[in-house]
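Next come two complexes built around chain A: one with chain B, the other with chain C.
And now, the complex of A and B:
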C-alpha cells in the first residue's frame, strides 16, 4: 500500500462523505422538527434522480442546471407528503409511533412500485453532462469532477442551512416549533405551516443530492435503498435531529468506509461504518451531536 | 366389506379406463412455474425474462416453421395438443423468498415444472424445494458450477456453467499468447454472492493451473454505493487483463469509477452478467469499446440459422430489445422443459424427469451455438459450448472459439 493509495482513498471517501451528509440532512431536519423518521427518504432521492434524468432526456437540461429545479419540485413534493399523509398520521389517537412508521414506510413501497410501473425497472443513466466523466488529477490523485461539485454543493447547502436556521424568522420559528409545538401556537405560529415547510426543505435538500448523484450514478426504482440505509446510520451517528451532526456524520461515514476498504477485504467495507456506529451507540447513545 | 380379487380387478379396470380421460382432462393445459426477480434491484432482468418466456410459449403454443422442438405443432402433441400456461413468481433476488415462492407454485398453483432464476443464490433454494416435491427444475441462466454438484435428482441445466465459461477465457488467453500477445497477469473483480464467489474461485484455480499470475483478487459487496476503494486497488495492481464478475448495477459503477480514477486496463474479459446487458452499454458503452464478455449466445448466429433472427424479431416486438445471453438461455430453458413434458406425455414429475434424462437435442434445433442438449448424471449439459464476444462498434461479435468466430479479437481494447 503506497501513500498515494491511502491519500486517494481518503480523498474519495471525503467526497463521498460530503454527499452522504447532504443525502442525510433532510432526514435529520424532519426528525428534529417533529420526531418523525421518514422511511421514504431513499425514495425521495430516487424520484429526484429520475426527475433529473427526465429533464436531461426530454429537455436536454444539464443536471447542474436541473438541480435547483429538482430541489424546488421536491420542496413541493415534500410539503404535499406532509399535508396529505404525515399530518394525519401524527394525529393518530392510538399507537401513534407505529402509524407514523407505517405511513412513511408504506409511502416508500408505493413510490417504488409506481416508479417500476411507470419508469420500468431499466437502469437509466445521464450519459452526457457538463461535468460527467471529467476528472482532475493533482499529483497522481484523481478527483472526479461530479463528486467535487457534489461536495461543493453539500458545503454550500449546509452553510445556507446554518444561516437560514440561525438568522431568519422562519428558521427561528422552525427552532421554536421544534422546542415546543404547543407553545408556538400561542404566539401565532401556524404549526402545520412550519411542519410543511420543514418537510419541503428536507425534501429539497435530498433533491439537490439526487440531481448531483444522477451525474455519476445509475438510476433505477430501488436506487434509494442502499443510500437510505447509509443516511439512517449517518443521522444516528451524528445525532438524531442535529442538522450539523448529519454533516459530520456523513464525513465520518465516508472516511471510515474508505479506510475500511483499505484494511479489510472490500466486501467487508460496511463493517467499519457499523462498528463505529455501534461504538457511538454504546458510549454516546444520542449520537455525536445529538441534543435529545 | 371384504375386498375380493374381483373387486380389485374391477376397480383396476375402471381406473385404467378412466386414467386416459383424467390425464387428457388435465392436459388441456400444462402449467409451468417461472421464478424470477420482478421487483427489487434486478427487476429489469425479470421483466425482460418474462418477455423471453412468453416468446417461447408463443412458439410452443402456435405453429411456426422453425427447426425447433414443438414449433411446428400447436401445443404439445404428446399431450393431445395441450397448451403451455406460465405462472410467474417474484423472488426479489432473495433466496428465502425464492424458497417460499417455489413452494407456493408447487402446492397452490400446481405447476408440473419450474424454470428460473437468474441469481444462482436463489437457484440453490428453489432447486432444493423442487427436489423435495419431485418437480423438475431447469436452471435456464444460472451459471454457478456448484449448482449441479449437490446430488439433486430433479436439477437440469442446458447452458454452460462458469467453469466452462472461464475455461473458454483461458483457452482464449493461451491462443492469444501463442500469437505473441503479452498476457501474464490478471486482476479478478467479483461480487460476494454465490455467482461472483464461484466465478472467482474457478478463475483463480484456472489461473494457477495455466500459469497466469493473479495480482489482485477483489471480492466486493454487491450493490455498493461506491467502488472507488476497490478500483483504486485494481489500478495499483494494473494487470494485463481485468476479469469482472458483476451484475448490471455494479458493472455500470465499476466502469464509471474506472474512468473517474483514470484506470484503463489493456483488456477486460468479463463473466457475462452485467456485461451482457443493454443497460450497461447504454450507460457506459462509450468507455467499453473492445470489452470482451463470455456468452452462450450471439446474434451473428442468425446469418447461419435464419430462425434465430425471426425469434429475435418476435422477442424484440415484446421487449424492445434484442435477445441477449440471458433472454436466449431463458427461451431455450422453456423449450427444453416443454420438449421433455411432451415426450413424457404426462405432467407427472417423475415421468418428466425421465424424459429430461433422455433428452438429446441437436444443436441445430436450438437458437444457441451449442453442439447439442444432453444431460449427464448430475443434470448438466456438457455439450454447451461457450463463446467469447467482443463489443465493437456498438454490437457484439463472436471472436472465440475459432469455429464460431466471425472476427479477430482486437487487443488491446481502445
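And now, the complex of A and C:
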C-alpha cells in the first residue's frame, strides 16, 4: 500500500463523507427540533433519486439543474408527512417513542411498496449527465467530478443552514420552538407550522443529496435502506440535537469507511463505521457534540 | 387491590391454558399444509415477540438488534449439527446459552447508553455480526448452510412429511415464553424492570440494582430468542445470514409486541395472531405480482394501528372490561 493509494482513498472518503453529512443533516434537524427520529429518512432519499431520474429521463433535465426542483418537491412532501402522520404520532399519550418509530417505519414500507408498484424493482441509472463519469486530477489525486460537486453542495447547504438558523426570523422561531414548544405558543408562534416547516426543510436537504447521488448510484426501491442506517449512525455519532455534529459525523464516517476498505475486504467496509460509533458512545454516551 | 391482582393473574393463567389446549386441537381439524405453515410461523413470532418484550417492553431497553440472538441460535444449532454431528436439541440449548452470555457481554457497555443511542447500538452490533457471518467461509458465508435432511426423526428434530411436530414445538415454545413472562411479571425482577423503565434514576436511588436487572432481562430475552432461532433453522432447514440476522428480522420480532401492546402479557400473542397471518396472506395473494402491493397494505396497517392505538390492541379488551365493571 503506497502513500498515494492512502491519500487517494482518504480523499474519496472525505467527498463521500460530506455527502453522508448532507444525507444525515435533515434527520439531525428534525430530531433536534422535536426529538423524533424519522425511520423513513432513507425512503425520502429514494424518492428524491427517482424524481431526479424521471426529470432526466422525460424532460432531459440534468441532475444539477433538477436538484433545486427536487429539493422543493421534497420540502412539500416532508411538510405533508408531518401534517398527515407525525403530528398525530407525537400526540400519543402512551409509548410515544415506539409510536414514532413504527409510524414512520410503516410509512417507509408503504413508500417502498409504492416505488415497487409504480417504478418496478428494476435498477435504473442516470446516464450521460453533464458531470457523470468525469474525473479531475488535483495534485496527482483523481477525484470523480459528481462526488466533488456533491461535496461542494454539501458545504454550501451546511453554510446556508447555519446562516438560516442563526440569522433569520424563521430560524429563530425554529430554535425557540426546539427550546420550549409550549412557551412559543404564548408569543403567537404556531408550533405546528414551525414543525411542518422543519420537516419540509429536513426533507429538502435529503432531496438535495438524492439529486446529487442519482448521478453515480443505481436507483431502486430499496436503495434508501443502506444509506438510512449510515445516516442514523452519522447523526448519533455527531450527537443528537447537533446539526454541526451531523456535518462532522458525516466526514468521520466517510474517512473511516475509506480507511476500513483499505484494511479489510470491501464487503466489510461498514464494520469500521459501526465499530467507531460504538467506540465513541461507549466513551461519550451522548455522541461527539450532542446535547442530550 | 392485592387480591384483585392475584385474581387477574390466576385468570390470565386459566385463559392461557384454555387457549393452549384449543390451539393444540386446531391441527386435528385443519389439515391444509399452507394454513398449518402460517400457524407455525404465528406461534414462533408470538414466542419471539414475547421474548423481545421482556427486555424492550418490561425493562424498557428498546432493542432493534434481536436478529443477532435469533441468528446465533440458528447458526449454533446448524453448525454443531452439520460440522460435528451434535443433535439439534443440544444445539438449541447451547445456542441459547451462548446468546445469553453474549447479551450480557454486550449489555455491559451498552446499558450505559440511553434512548436512541442505545437503539442504534443494538442495530449496529447486529449489523456487524451479519457482515462477519456473510464473510465467514467456514460458516457458509453469504450463501448459507443447507441442513442435510435424513427423514423424519424426533432425535434430529427433522420432519419432511408433516408439519405437526413443528407446530407442537412452536406451541410449546410460545407457552414457555408466555409462562416465563407471566412468572417474571410478579417476581422481584418484574418490579425492578418496571421501576427501571419508568425512571432509572429514581429506581437506583430506591435501591434497585438497575444494571443487574437490565442484564437479567437481556439474558432471559436473548436465551428465548435464540431457541426460537434454532427452531427456525430446523423448520426451514436452510439458513443464510440475511434471512436469520437481517435488520428486517429485528423489526419483525418487535412488531407484534408493539401493535399488540408493548410491555403487556398478552400484547405479543395478540399482535402475532393478527399480524402474521395477515402478512402471509397478503404476501401470497397480492404479493405474487412482485409489485409491492403487499408492502403497501402492510405498511399502511402499521401506520394506522400505531397512530390509532398507541397503547396497543390489548387496549381494546381492557377498555371493554372497564366498561363492564362500570
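Operating definition for what follows: the second predicted complex is superposed on the first by the 290 of 292 C-alpha atoms of A that agree within 3 Å, B and C clash if a C-alpha of one lies under 4 Å from a C-alpha of the other, contacts with A are read in each partner's own complex, and residues count from 1 in each chain.
Methods note: a residue touches a chain if its C-beta (ideal position, glycine included) is under 8 Å from a C-beta of that chain, and two chains touch if they have at least 3 such contacts.
Since the model is a prediction, treat every value here as computed from it, not as a measurement.
Q: Should chain B and chain C be called a clash or a fit once both complexes are overlaid on chain A?
A: They clash.
Q: Touch check for A:265: first (chain B), second (chain C), both, or neither?
A: Once the two structures are laid over each other on A, A:265 reaches both partners.
Q: Which of the two partners, first being chain B and second being chain C, lies in contact with A:121: first, second, both, or neither?
A: Touch partners of A:121: chain B and chain C.
Q: After superposition on the shared chain, which partner residues are touched by A:226: those of chain B (first), chain C (second), both, or neither?
A: first
Q: Looking at A:163, would you say it contacts chain B, chain C, both, or neither? Reply first, second, both or neither.
A: neither
Q: Kindly classify A:94 by the partners it touches after superposition: chain B alone (first), chain C alone (second), both, or neither?
A: second
Q: A:59 contacts which: chain B (first), chain C (second), both, neither?
A: In the superposition, A:59 contacts neither chain B nor chain C.
Q: Tell me the contact category for A:130 with respect to chain B and chain C: first, second, both or neither.
A: neither
Q: Pick one for A:108: touches chain B only (first), chain C only (second), both, or neither.
A: second
Q: Could you say whether A:218 touches chain B, chain C, both of them, or neither, answering first, second, both or neither?
A: first
Q: Both chain B and chain C touch chain A; at which residues?
A: Touching chain B in the first complex and chain C in the second, residues 112-113, 116, 120-121, 221, 225, 265, 267-268, 270 of chain A appear in both lists.
Q: Could you please specify the touching residues of chain A with respect to chain C in the complex?
A: 31, 37, 85, 88-89, 92-99, 101-103, 105-117, 120-121, 221, 225, 229, 232-233, 236, 240, 265, 267-268, 270-271, 274-275, 277-278, 281-282, 285-287, 292
Q: Quick check on the complex: what are the chain B residues that touch chain A?
A: 39-41, 43-44, 46-47, 192, 218-221, 223-226, 228-230, 232-233, 236, 248-249, 252-253, 256, 259-262, 277, 279-280, 282-284, 286
Q: Show which residues of chain A lie in contact with chain B when the two form their complex.
A: Interface residues on chain A, with respect to chain B: 2, 5, 8-9, 12-13, 16, 112-113, 116, 120-125, 127, 133, 135, 137, 142, 144, 147, 216-218, 220-222, 225-227, 230, 257-258, 261-262, 265-270.
Q: Would you pull the chain C residues touching chain A in the complex into a rising list?
A: By the definition above, chain C touches chain A via 62, 109, 112-117, 120-121, 123-125, 127-128, 131-132, 134-135, 247, 251, 255, 258-259, 262, 290-304, 306-307, 310-312.
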